[in-house]
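Chain IDs A, B, C and D follow the sequence of writing; residue 1 opens each chain.
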Amino acid sequence: MFGLFNRPELELDTSGNVPMVDICELDLVYENGHQALHQVNLQIQKGEFVFLVGTTGSGKSSLLKLLYRELRPSSGNVLVGGLDLGDLARNEVPYLRRSVGVIFQDFRLLGNKTAAENVAYALEITGTAKRKIPSRVAQVLELVGLSDKAKRLPSQLSGGEQQRVAIARSLVNQPSLLLADEPTGNLDPDSTWDIMQILSRVQNAGTTVVVATHNQQVVDLMRKRVLVMKRGHLVHDLARGAYRLDGRGSGLHVDQPSTPFSAVEL
Amino acid sequence: MFGLFNRPELELDTSGNVPMVDICELDLVYENGHQALHQVNLQIQKGEFVFLVGTTGSGKSSLLKLLYRELRPSSGNVLVGGLDLGDLARNEVPYLRRSVGVIFQDFRLLGNKTAAENVAYALEITGTAKRKIPSRVAQVLELVGLSDKAKRLPSQLSGGEQQRVAIARSLVNQPSLLLADEPTGNLDPDSTWDIMQILSRVQNAGTTVVVATHNQQVVDLMRKRVLVMKRGHLVHDLARGAYRLDGRGSGLHVDQPSTPFSAVEL
Amino acid sequence: MMGYSGYFFREVLTNIRRSPLMSVASVTTVLVLTLILGYFTALMMNLEALAHSLLREVQVVAYLDDDANRVSVAQQLDRIPGVEEAHFVSKETALKKLVERMQGRIKVDDLTRNPLPDSYEVAVDSADSLELVAKRAQRIAGVSYVKYGEEIAQRMLRFNSLVRTVGVVILGLLFLSTVLIVSNTIRLTVFARRKEIEIMQMVGAAEWFIRWPFIMEGVLQGLVGSVVAATLVGGSYSLVVPKLMQTITFLPIVQAEDLLPMLIPALIFNGAFVGGLGSLLSVNKFLKV
Amino acid sequence: MMGYSGYFFREVLTNIRRSPLMSVASVTTVLVLTLILGYFTALMMNLEALAHSLLREVQVVAYLDDDANRVSVAQQLDRIPGVEEAHFVSKETALKKLVERMQGRIKVDDLTRNPLPDSYEVAVDSADSLELVAKRAQRIAGVSYVKYGEEIAQRMLRFNSLVRTVGVVILGLLFLSTVLIVSNTIRLTVFARRKEIEIMQMVGAAEWFIRWPFIMEGVLQGLVGSVVAATLVGGSYSLVVPKLMQTITFLPIVQAEDLLPMLIPALIFNGAFVGGLGSLLSVNKFLKV
């Protein structure tokens, strides 16, 4: 009846026998013809912690979107936990997404639900027993330091607080793969560091973590594997790497403004 | 007739005889009873460049929102260019906002307009002659490095690219006061630096610039006036200051996780 | 899914509470359209009753020769298929009726002799039988002349079928309009929440899990709207009909108790159905992976 | 503001192109409701014509004494206010008509003498004059008896006013329903764009600058919907009426050329007005500073 109830069971292979992420000759071309990813090859093993860096528009978010099947590859293969996402049936996608926690660059909180309800929603969809939900939600909100704002709607939270709700939601299901897209862009350094510690802890518990970020300090201090993207190409893959964008080296350039101002009257 | 045409003229005093921003014994209490700002007193002179820092939820965005009259003070006064915003009539607010450029933390682009149209809109509302608009828009998009993506809808841009559209829009009207809320949270360090150079240039042209940010490196390198907020209080006002949050000093603490993990099973 | 129904129901209530505008819009739309549908159905039923009552007045009259055998004619009339009853009207009764009807325009004293014949008024089972019955009656010995008001009968028949056809067509179109407009309205409310649906899909909610609260909300909105409308229709009908019956005695009016026990449940069911279906179709539009 | 109208118009078109769903929903809603309104108005006009034509058949008949002075009676009748024309019917004509009407039920040979009196059929200018004319005619010397079919006249009068009242009430309610549903629909489309309005206000757009494109869009949607609906109503009416006139000769039917030149512009204007007003009211709801 309208497929209202079908419920395929689907499990990722988290044994460690297959890579958690296995990307092979991946191309991604958007509808308007823009090619966002070129021939990306990449393997990430179970339990790894990986930073994904690159200039704005280099394709980091696009790559992550492919891993939770918001996008489909134009060519090549994307395997997560042994599942080929190109083959995934439409009604199987939700089950993939329950094993993959995502922290979105733009938060994507449900505007008519409170912080706690947003986190609880991710549990409700999995059929978690009703009585277990409140304590689990409280725990995770405590972890991100938002216990006192559990009953606020997103519109009543500051940018950084919304970001922490999004982080809490991505963690609550204890995902096998955690994808974080600029998870600390709206956080102060102390909060940033707290969140990074949490992600480390999550990794230690066996979760594979992929973090796209522009935060040089974080990448430099954490010394994890670093993937560098440039215009849709994966140009570097560094074990225990530091933040560097190809060519210009790392960090800020006080004395070299790179855009000619003279053209503009301001 | 329904007030369809009324058009009060309203000008900020940008002579420099009055402070650009003059805040006096300001309290802000949100509807749910949360007091976001406590007794803030602050003066910013014409042409200054000010950083606003503080932990997440310390009240930075709230303070900026008061300056473009998204919020009204619960008590105390907010004067911008000599105008008391508490007294501002409803139909005068648009004219205030044309003199005040804002870069929003969540971008706030019109989803059904292209990047160029989003920037153009800010000109159209001021009655700028039609033929002047395209060249002015092209100039500003060039300035933020987005010329090649002028025809894209926001949904077809990366996070950082959307942020740059928002920056372009805030600049296009040559505002007297520029408010930027975390303008580089989604930008890589090079782009961040480019944007900061642009803001500096804007300041040199006489615009007053207020930037709320968590980016320690930027604050530390630029050596501008720094306002530090803590739980709704303005706790420090440093000329040519560096990034420091009260108490814990500056920056990241590798060895001191501040949240107890043991309470949470992950 | 049963285990979730409590959860879904709470979802729906929370959602209505937090963005009441959309619910108000859907409910009002269902309400107004159900009102129109309800009143129109009531009007149709009455027109149908009117047409039917007019039909019943059509009958075959067989005038007899002066020397006819009444009993034999009656027997033969009874044997014609389609005849329900043959009622004898003597020439005396006929004259009395005529004089009555002419109210003083005929002076009975002037008549030396009753100019009218005896007759049988023959009731038939349906308008279709009229012509056949008339033909067969004409052939009976002792019947001088048969009249069945071809013209009036034709008119009545045409009027009847016209009312029925037009009524069914309009009712059908009104129903379609209701479905269309309600699902349009609901589609807009769902459209306003498309981001929400997108986010729900992003965090891994199955389609049925997303769909059910919307469907329940649609059904609920449809129910509320149509219950109010049905109450209004029912209330006003039972209020107005008795008054109308007093003033307009010449038109047959369908009694409230004959109409409402059918109409009210039908309207309510219709509202709930259209609301639910509208939601289902709309949500499906935005459920893309 | 005139200088902006081109800009606003482009805005509207771009917006419709980029999110067609909302326009489709508004247009369909206006279309369907205008159809209902249009067909119902046509129906009402015809019922009104029917009621009117029935009224015209009501007249006063004055029966004369055998020895009455025809000419004097005629002069006196003409002098009564409300009388339009008095038409003489001789007893012979009356009998012929009666025999004709009775189609063989009366045998003329049986009559030794005509039992009917002479009479005047008096046409009156309005139904309201009936009773007065009848009373005054009764007083004229030579008039034996006046009849004006009180009962039929009463029925017709009641039927007429019933049709008119019910019609006006229904039409009014339908109109209100249209306004309500269309503005509901438009409110939802505006609601779906509330973020947009918020952003426009944030960057400093004046209220009228935000409002006008919405109003123009509402007017445009209303226009498109109602033009299509009016075309459908007009087309189908001019198509169906000639056919109907052939089959149902006994009912007066309003000619297409008498109805449509009024109805079509009214429907179109109504659509545009309701669309624009709906938008204006809706946008205002979301324009808060």
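Note that in this section a contact is a pair of C-beta atoms (placed from the backbone, for glycine too) under 8 Å apart; a residue touches a chain by one contact, two chains touch by 3 or more.
Bear in mind the structure is a predicted one, so any value in this text is a computation, not a measurement.
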{"item": "Set of chains whose contacts include both chain D and chain C", "value": "none"}
{"item": "Intersection of the contact lists for chain B and chain D", "value": "none"}
{"item": "Chain whose average C-alpha position is farthest from chain C's own", "value": "B"}
{"item": "Cα-centroid distance, chain A relative to chain D, in whole angstrom", "value": "66"}
{"item": "Euclidean distance of C-alpha centroids - chain A vs chain C, Å", "value": "62"}
{"item": "Between chain A and chain B, centroid-to-centroid distance (C-alpha), Å", "value": "27"}
{"item": "Distance from the mean Cα position of chain C to that of chain B, given in whole angstrom", "value": "66"}
{"item": "Overall pattern in which the protein chains touch one another (line/ring/star/complete/other)", "value": "ring"}
{"item": "In contact (per the touch rule at the top): chain pairs", "value": "A-B, A-C, B-D, C-D"}
{"item": "Residues of chain C that touch chain A when the two form their complex", "value": "1, 3, 7, 14-15, 18-19, 195-196, 198-209, 211-212, 280, 289"}
{"item": "List of chain A residues in touch with chain C within their complex", "value": "2-7, 68-70, 90-91, 93-98, 100, 102, 104, 108-113, 121-122, 124-127, 130, 169, 173"}
{"item": "Interface residues, chain A side, partner chain B - complex", "value": "30, 32, 34, 53-57, 60-62, 105-106, 139-140, 142-143, 145, 152, 156-161, 163-164, 171, 174, 181-182, 185-194, 197-198, 201-202, 205, 207, 214, 216-218, 221, 243, 245, 248, 250-254, 257-259, 261, 263-264, 266"}
{"item": "Contact set on chain C toward chain D in their complex", "value": "21-22, 25, 28-29, 32-33, 35-36, 39, 63, 94, 103-108, 110-117, 119, 144-145, 147, 155, 158-159, 162, 170, 173-174, 177, 180-181, 184-185, 187-189, 191-192, 247-248, 250-251"}
